[in-house]
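Per-chain numbering from 1; labels A, B, C and D assigned in written order.
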């Protein structure tokens, strides 16, 4: 029987062996919740990585990470500006409405699912500054974006300037932060800093990158961190065996495993792209490919055991992961080229 | 160096080897979220266990499990009746207020942190049936209770009758459901059915009983289950690698491991109790002991490497777990007896 | 000094003398909240008007009326479909997010700010029926619409069929319901039934039509009414001197005053329209006119003491009211014609 | 037929003639919402009264006034400390849970339904300063209290010191603020300042004191005021004909009418008290009397056309109002004395 060559998503990929090992080591008794040594090590570990003071809290999902961070910036009567195709708008089941107590999402436009100061201004400038209209309180961007595009440091700086000028918070959904960082390149520290820029908070994704069930909410504002500690509990996200979550994150941070995993996934994506450059809907800047493919073409690929999602009527999405076999990626590129 | 003999809590105990094995097996690729074969098997598995149709969804914490279930019974303008010392009132950081959109908790009295129809009636009968006063919509009980007491089937039936007569939902917080079931005895099916009685929903705890980070919300009303599926996502509790959570639960359900683990913890508790029957504040009906101990007595025990929490000024709480060494329990009982 | 000829809005017009008289009569002692004879008369009065069983509760604003009604149809994890330019989306300060506990508004398109089954289907059909995407629970339409357009009975029937088929509630924001009813014509009963069609709930506006501070939430589902009674209190909208609100509503319902007032406003609008038919952006089907006017033209009108709002860069909005002097309306029509 | 002598409550009393006159004068056209001259005058008017900078916004109910003010002090994950018998706990239909997005009420004890630093400390000191327990964010007191008791300036100062030391906000529910102020005595300015002390916010009640449907939220913190302006709209409490609400408040503030009305009600209460001093459950410090009366005694009074509420099984509550006839009060006192 043929073996599936999976390009459906990175979100259900296996757990990295070093993550398993770290979790097993956490079997040693320690304090519950986040009182254990591993959880207590996170703030310092992320502060070192980003080179500026921050707090880092584990949670089980990116949805929780994003919403807990946004809750520190957005009053219930305010709004978050995000891209029309942002995950928090399209695919999180209304979680922002829940965590933010009814605050709105305001949908801006931008090429490649990326926001720009101009795109945000076009959305928010017409809002009357009166109580009849909901006012924006924060901006949420996604790194890498929903179309696998990565913000460059200059773009992040411009967004941060804009946010500061408008007194808006700036949050980054980093479900695939590692892939953006790997794309920007450099040491783990360089890459992390380049990819995060001067954001106020970051949902640093590990699950799609070799983890099991731990993301980090990284908060560069200490008051925000204090609030999130309470709200994480209130949202049922303070797990009592938290050391197993901290262990996952620390294992991935160790020796830059997070960056190596992402670099591998990105490399696999580039292998695929090599075979279909003329069909790409978006430049490949992370580990996702959006490829123009007719219905018969997609059927032909699936007949060759490639697994992937349709993306609208005319194209498909391929996602690589930390454990994608490069030969599968090469094969996929060739198969598309041969269509 | 001496080794700590831990009786602090079962909530940070190590993960059972069979749970680890099951999780590792889940490394095989499968669908994300709860589309995988393991997650899809839960409804049938719990239906067989309880002998009546139900849906079962994994979540990462008991707090989430309780609140998601209660949300199916309680409108935002209503209230949950619970014991004054219930975990949802005392130790969940206000989670019910969040998940239930501002619904109230109403605090009833009852011996051993258990509720009775009489105790609930004493609380709710004086409530005027008008819009100025918040009306109860549901009852939440804890099995085993916060004082390690177990509801008997007849008590559960009486509560269910009362709830039905008042048109109230009946939810069971089963953070230590397994310990209550083991106390009531019988086969896994017998014990599960005896311990749950005719409740409308159950937060079935696995984490304190050898799991890592998976509890089951068990819903005996199909409409409630449909709603919880949406609300789990909205609360950021739909993990994308859900198969690792389902694996934990299934491993513990297999061959009654959940019941054996709990029976072990209960046995350990009885060993302790054997040494301090005259000091017990509550009968030992699960895996918790509340023991009258002066400050010097507690110091003396700690000097012998017993780890535990103070419980008020005059007593201490000891909790056993699936992995408590019986010799430690025996030693503790003897140490208390020798005071 | 010249006297202003006001066409800014009907929302701040004076209170009708018969409303004042009715309020003064309510000075007689009676029960607080809605226990008084006037408040208790509302259900029967509206049931007679609409010819089908309903409950009617006063509240102080249309925002509260809309949101309380929608709250009976929409779970916090669901959504309301409304027009992109609906008042609840644009001008109610995020009130639906508050009253619906974070439910979303989904924005459909439609000519004249009116919804159609086709327009709604275009919005909701692409929504995946899974927990990652928020599902619609209700439709909200505005009668007359934000552009002064009135739904015809056949249009309402089609929307109701669509709603029923999709299991969606159907709510009508009737801030200017009376103006739509007057446009459709007939006796008060005929007009009210034609303008409301088979909606599930209606926010029946009186304030813009001669009232002071009382709108009616009309609920054709008895269970919904029971819920709204509790939620009105919870939202701080149960006034203790409620008889003064009921008095306003009853005074306007008496002898069809509500319809006569609206007919007058509509007639005034038609007088204006007579002078600017070629400049109208929308047919005049109620008491609002949207008129193409350049900046200098608007300045010229204001120099003649006409007061009105700009509507974008190229046009103006004129609103007539129950107390608009017909001679002012005629004069405005002529002044525009003379530009 | 005999005329009822009403002592049921002040909450449904007629509207004062000077309030009616002021409302009728507001028929003159002005800007909608709170853009009119009357609404715009409120901040200055209350600043002059209290002798310190404040903002004052009208709303239709005390429930809304209290909850909007508390929302500026209490995060959704926090709590309000109030008396066990406080109106916000007992009789507002769960409104704080709604407006505060699920924040808790924590119930302190205190004689006469008044709070003291000691009583609050007894409640909050045992709360562990960790994320598992909800933390208090504010204190709410009622002036006059639910038992008609008035806080003295020294008591208010002590509470404010306590609140500041614990970093808690201090809000005053002043549904019967005027009665407390009249009890404390002096000019309107003196009385208002004595009765409010150094609170952070005040729900200044006018409805029970001759108004129709307008209370003032008085905020001594400008940032809080900015937030309340948005949240008032979001809660559906920004009425478009707001000038009629401002007119009520300004009429009652003019020439100290508010204080004179309250002084009259208090005097009437003292007349009643003169006849039943030995039966009083609480000292009479405002316009409410709680009187020990057997069932037959109450029946005897009702047979003499006195209208009032039972207060538990053994007593009755009598409330006087701005328009209570002194002869009725004298008659009631005598009737009780004669029992």
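We take it that contacts are C-beta pairs under 8 Å (C-beta built on N, C-alpha and C of every residue); 3 or more make two chains touch, one makes a residue touch a chain.
The structure displayed is predicted, hence computed values, not measured ones.
*Asks:* Which option, A-D, A-C or C-D, should count as the same interface as B-C once over half of the contact pairs match?
*Replies:* Going through A-D, A-C or C-D one by one, only A-D repeats the B-C interface.
*Asks:* Which pair, A-D or B-D, has more C-beta contacts?
*Replies:* B-D
*Asks:* Distance-wise, how many Å sit between the C-alpha centres of subunit A and subunit B, to the nearest whole number?
*Replies:* Whole-Å distance between the two chain centres: 34.
*Asks:* Take the average of all CA coordinates in subunit A, do the same for subunit D, and state the distance between these two points in whole angstrom.
*Replies:* 50
*Asks:* Nearest whole angstrom, what separates the Cα centre of subunit B from the Cα centre of subunit D?
*Replies:* Centres of subunit B and subunit D (C-alpha means) sit 43 Å apart.
*Asks:* Could you check subunit B for residues that touch two or more other chains and list them?
*Replies:* 76-77, 92-94, 97-98, 101, 131-132, 230, 233-234, 238
*Asks:* For the complex, which residues does subunit D have touching subunit B?
*Replies:* Interface residues on the subunit D side: 76-79, 90-94, 96-98, 100-104, 131-134.
*Asks:* Contact residues on subunit A for subunit D in the complex?
*Replies:* Where subunit A meets subunit D, its residues are 75-77, 101, 131-132, 135, 227, 229-234, 238.
*Asks:* For a test of understanding, state which residues of subunit B touch subunit A in their complex under the given definition.
*Replies:* Within the complex, subunit B touches subunit A at residues 4, 6, 9, 11-15, 20, 23-24, 27-32, 36, 59-61, 63-65, 67, 92-95, 97-99, 207-208, 212-213, 230, 233-241, 243-245.
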